[in-house]
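Two complexes are shown next, each including subunit A; its partner changes from subunit B in the first to subunit C in the second.
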Partner chain A sequence: MPTAILSQETIDSQITDTAVPALAKLKQAGWEQFQQTPMPKRTMERWRFANLQHVTLEGYSIPAAPSADLQKIILDKSNLLSEISARLVFADGYLIGTDSLPSELAAKGVILAPLSEAAQKHPKLLEKYLLKSGTELGGDKFLALHQAYLSSGYVLYVPKGVEIEKPVVIYNWAVSAGAAIFPHTLIVAEDNARVSVVDFYLSFDETSPALATSAADIHAGAGAGVFRKSVQNWNEASQSYQIDTTHAEQDSTITSVSVNLGAKRARFESAIQINGTAANVRLYGLTVADRDQEFDQRTLQVHNAPGATSDLLYKNALLDQARTIFSGMIRVAPDAQKTDAYQTNRNLLLSPEAEANSLPGLEIEANDVKCSHGATTGQLDTSELFYMLARGIPKETAYELLVFGFFEEIIEKVDNEELAETLRNFVQDKFRRRETKLSVS
Partner chain B sequence: MSNTISEHDTDVLADDTTSAAIDIDREKGNFHYKEDYAYDAGIGLSPEVIDYVTKVKGEPEWVREFRHKALKIFESKPLPTHWATRDLETINFDEIRYYLAKGQKPSRTWEEVPDDVKETFERLGIPEQERRFLAGVEAQFDSESAYSRMKEELTKQGVIFVNPTEGLKEHADVFRKYFGKVIPAGDNKFAALNSAVFSGGSFIYVPKGVKVAQPLQAYFRINAENFGQFERTLIIADEGAEVTYMEGCTAPKFETATLHSAVVELVALKGAKIQYITVQNWSNNVFNLVTKRGVAEEGAEIRWIDCNIGSRLTMKYPGVVLKGQHSRGEVISIALASDGQHQDTGAKMIHAASNTTSNIVSKSISVGQGRATYRGQVTIPKAFSHCKNNTECDALLINTNSRTDTYPAITVRGANNSTQHEASVSKVSAEQIFYMQQRGLSEGEAMSLAVNGFINDLVKEFPMEYSVELKRLIELEMEGSVG
Partner chain C sequence: MSNTLDIRNLNVSVAERQILKNFSLTVPKGEVHALMGPNGTGKSTLAKALSGHEDYAVISGEALLDGENIIGAEPDAIARAGLFMAFQYPSEIPGVTIANFIRAALVARQPKGAPFDAKAYYARLYEKMDALKMDRKFTSRSVNEGFSGGEKKRCEILQMMMLEPKYAIMDETDSGLDIDALRIVADGVNKMRGPDIGILVITHYQRLLDYIVPDKVHVMYDGKIVRSGDKDLALELEKKGYDWVKEEVAIA
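Moving on to the complex of A and B:
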């Protein structure tokens, strides 16, 4: 069976294998869109400052399912959080493990299902929500590819007024070398529903290169509360393209924490569409970039309705020759009076070779608004370092404390001590692998 | 991001009824003389036009080659609409007169200036007394300098203040060394256009250690329909020299769009200081697409003080290349965008040495359907340390349909460099207006006072006569903008 993702035969056989006609049609449309859309170019404003040298779709294939032994190991590793309400584990795009929702939630009408199952059992839900958002942040080529090869992924549906206390946790593993995977997240929280989701994006080993093209669509109905945490820690041989879109209705509360640690080259697009009055959106990002990693983050906060609040804080720490790009935009439509929208980007340069690019943007078409953005790039505060040294804390320890203090502001936002600890460990692992110690200038 | 708004722009521009309602008093510039030009290169742009211009101006061969090369670059470069407004597409480059002149040499004495030109100056309101205080006046009438005068002591100090044609002929050594070096013809499409057809503008050289006490001043005028001005200004401040240059403009109203595309190059050698002040008040049909950049050598300082009130579309991002250690760059910018106007302004700071600092303060006011855009670039490449940038952009939106955008780009590498960027958008608070109304001010007066308060700290940076004029212009602009 052909598996190279760029070959027509591969997509043809994938579409033929798709049991649900609506899904097959969607994939076909995605493939056509993919073929029509050009690869990113330097001159494209949405790819400004991006190093396109490592952006390539060549050489990746649809992987085979991991062996039973491997599946067992992966499942064992998929236990980073213990207090959960449900769990799905995908490896190379195959669903290898499910901890179903408690029966009382299922009885209330909560649905948690892989896409293939949802397509058969809940076609109307998919018809209404699946891949309807698109992207205007530049990743349309990758989103089209994602649509064409849509297979792994899940739907989480929370009916009106239903609250899920413990997080729903999804593990997406990249396993074999050259694997192309397409994780998909679709969360629909109806009016006054409440849910918390953690998406993990992880590699089985440190060396197998993968191409991960992920997409998430989040819909929060009136008064709904959605707390979404995404943890990207692919290995540094991989490429990652992640395209997230969130729709916020009236009085909804959205909190999003995105932690980006992995991949050689990671692009993260996050668009928030506020369509209801008085919605409250908080967006947090933490990136730790080392070696020759490049993190390319593009965000968009669209206020289409009055009286809503959105607040973004993205923090990037850079080591070695790493590069980061933060490009954020707040767009306030003419009718969105009484908007409060903020955007802050803080870049911490821990190496003279690292490069931080910041493009904080505003497009404001309403006058009765409070909007601001701030972007700073700099080093650790020497007076803070001095304070610690004066109290007898060794230089290296003081340095590490300050760096981790910088991360902590975001880490604590996950509001889950177990997850916070997991994140701290991920970051520490990243520092531990480094051959050279942090230098104190 | 910007190309999606073009439809909005066209809507704005189509709406003349609203613009009439709160338009400012540009009547003083709203007059027109019979066109009586000794030299006219005709309409449109071609290699022949360039040969003609070169011949009429009696320029040397290297200038002719420079112009031809630039024309090729202009033709090969697309309009930058992938980031800029698509309003640029409405410029018909084939309908523009690229050169016309009075055909006379720059005058030295007031008596030699033709009467109709003098009349224009009178209408512009440049009082005779004021000229006495000016170190030298280089007034531009259409594309050629009609009048220039310098005080004797300036000449004695060795200060050169002429138009670029005279500069490249009489002072070839120093002119050629720097001309087109700060802004090469290929820098952008409009810089290429200017390089191909430039005429008029100023060439200034201030010798070592000379501090010019009074600002050098130039007035620019456009006075022919379909005719674009392509001034070229080059200012060189030699080691330790100091100079302030002021550029101000008004233009008569015309039926069809007018293109203005200037290039201004500043060179501040070791320890020199250059301050360049602009008040731009073209009429609402002018496309004002300007490239301004300075190079600051060791310990030098370049300040751009820029105020944009007029024009249909202004695209201007004054920049400083901080080439020498301890050099300093600054951009102070005020923009006022009313109905049918798009002020797309900003600043560029390129840190090309260690220990360099730059500061950008930009304040914009959008009135009615006006649109103000800040676009900025700050670059600190690696291998340099202890560079600092501070950027502040504040936008004030007056009406519910006013618009503002901010598009900064900041790149930082290296050790011990730091940048800080802040932007805010706000409106005049209802409480402020209420408070002032309680004390007997009308709503309009209160609004104009609040707006003047918003930009007051920047207006102070302008010389007195400019700041008075600025405040008045803003008051007029605010009239009828509320209620």
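Moving on to the complex of A and C:
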């Protein structure tokens, strides 16, 4: 069976194997879109500052399912959080483990299902919400590829007024070398529903290169609360493209924490569409970039309705020759009066060779709004460092505490001590893997 | 000499301007000394220079901590040698909790690799916080971030109590404090008084010395000590004002 993702035979066989006609049609449309869309070029506004040298779709294949032994090991490793409502574990795109929702939630109509199952059992839900938004942030080629190979992924549907206390946790593992995987997140929280989701993106080993093209569709109905945490920790041989779109209705509350640690090259697009009045959206990002990693972040906060708030804080720490790009846009429609929209990008440069690019932007068509954007790029504060030294804390320790202090502002936003500890461990592991110590000036 | 903090003929410049001029002072363990003087006379420069701040260039002189010269040592080594500086304007450190901060300072004082007794640590931390009337929730707050002036000073005293230094220099600890906060801070310092610690209280006003009664009072002017006496000197200074000192120096 052909598996190379760029081959017509591969996509043909994938579509033939898709049991649900609507899904097959969606994939076919995705493939056509993919073929019509050019690869990104540096001259494109949405790819400004991006290093395209390592952006390639060549050489990746649809992987076979991991062996039973491997699946067992992966399942055992998928235990980073213990207080959860449900768990799905995907490995190389195959669902290998499910901890179902508690029966009382299922009885209330909550649905948690892999896409393939949801396509059969809940076609209307998919028809209404799945991949409806596209992206205007530049990643359309990758989103089209994602659509064409859509297979792994899940749907979480929370009916009106239902509250799910503990998080739903999804593990997406990349396993075999050269694997192309396409994780999808579809969250629909109906009016006054409440849910928290953690998506982990992890590699089984440190060296097998993978191509991960992920997308999320998130819908928060009137008065709904959606708390979404995304943790990207692929190995540094991989490429990651993640395209998230969130829709916020009236009085909804959305909090998003996005942690980006892994991949040789990671692009993250996040668009928020505020369509209802008085919605409250908080967007947090934490990126730790080292060696020759590049993190390319493009965000869009669209206010189409009045009286809503969106507040974005993205913090990046850079070491070695790492690069980051933050390009953020706040767009306020003419009718969206009384909007409060903020955007802050803070970059901590821990190496003279690192490069942080910041491109904040505002497009405001309403006249009664509070909007601001700000970007800072700097090194560790010397007075803070001196204060720590004056307490007898050695330089190396003081340095580490300050760097982790920079991260902590975002980490504590996950509002879950177990997850916060997991994130701290991930960051610490990343620092520990480094051959050279942090240089202390 | 052992059991003293002995500052000898210290000359210090900041940005190429000499501030301390042959400054000498000896604070023995078991005593509290007050260092008073008008603004701009070099009191805070003394504190910063002794703590090893790189912006304060020591031209000559020495400071012997129990006989060991600390001039030229790194700030963290000076602190571990037993000198504690309570700062006038303590830094805010976002993302580093008070508990982790003090813990790191204590771990740095242990032999390398020695286990840290976290349970005993928290018990002691809470005991000191209770004594300072600090809410225990402060342990999980970032160091000084968003603290009021009084809370910052209390946090300094808490660190001093936890680190048990041999010598402590309180740099204008009374500035920006209301009377209640002043009492609590003074109470903390008085609790620490004893044969194992020498304390130098730097202050502009007599007010603090109503609560921390010093064994000796020194008056500083233009980079050096111009008068020393017992606690009554502070009262005299309060009555006559600093112009009196300036005039005396001018006559001499």
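Just so it is clear, the second predicted complex is superposed on the first by the 441 of 441 C-alpha atoms of A that agree within 3 Å, B and C clash if a C-alpha of one lies under 4 Å from a C-alpha of the other, contacts with A are read in each partner's own complex, and residues count from 1 in each chain.
Here is the rule we go by: a contact is a pair of C-beta atoms (placed from the backbone, for glycine too) under 8 Å apart; a residue touches a chain by one contact, two chains touch by 3 or more.
All values reported here derive from a predicted model rather than from experimental measurement.
Undergrad: For the combined arrangement obtained by superposing on subunit A, do subunit B and subunit C clash, or do they fit?
TA: Verdict on subunit A: subunit B and subunit C fit.
Undergrad: Does the superposition put A:356 against subunit B (first), subunit C (second), both, or neither?
TA: Only subunit B; A:356 stays clear of subunit C.
Undergrad: For A:45, using the defined touch cut-off, is the partner it touches subunit B, subunit C, both, or neither? Pick first, second, both or neither.
TA: It touches subunit B, and subunit C stays clear.
Undergrad: For A:124, is the partner it touches subunit B (first), subunit C (second), both, or none of the two (neither)?
TA: A:124 contacts neither subunit B nor subunit C.
Undergrad: According to the contact criterion defined above, which of subunit B and subunit C contacts more residues of subunit A?
TA: The partner with more contacted residues on subunit A is B.
Undergrad: Given Cα centres, how many degrees, to the nearest 10, is the angle at subunit A formed with subunit B and subunit C?
TA: For this superposition the angle at subunit A equals 80 degrees.
Undergrad: Looking at the overlay, does A:432 come into contact with subunit B only (first), subunit C only (second), both, or neither?
TA: A:432 sits against neither subunit B nor subunit C.
Undergrad: Check whether A:384 is in contact with subunit B, with subunit C, with both or with neither, and answer first, second, both or neither.
TA: second
Undergrad: Now for A:393: first (subunit B), second (subunit C), both, or neither, which partner does it touch?
TA: In the superposed model, A:393 contacts subunit C only, not subunit B.
Undergrad: Could you tell me how near the closest CA atoms of subunit B and subunit C get once both structures are overlaid on the shared chain, in Å?
TA: 17
Undergrad: Which parts of subunit A are in contact with subunit B and also with subunit C?
TA: none
Undergrad: Spell out the residues on subunit A that touch subunit B in their complex, using ranges where they run on.
TA: Result: residues 43-46, 48-49, 329, 334, 337, 347, 349, 352-379, 441 of subunit A touch subunit B.
Undergrad: Enumerate the contact residues on subunit B facing subunit A in the complex.
TA: Touching subunit A from subunit B are residues 1-2, 5, 82-83, 366, 382, 385, 395, 397-427.
Undergrad: Which stretch or stretches of subunit A touch subunit C in the complex?
TA: 381, 383-384, 386-395, 397-398, 401-402, 404-409
Undergrad: State the interface residues of subunit C toward subunit A in the complex, per the touch definition above.
TA: Subunit C reaches subunit A through residues 51-53, 74-76, 78-80, 85, 87, 90-96, 100-102, 104-105, 107-109, 142, 159, 163.
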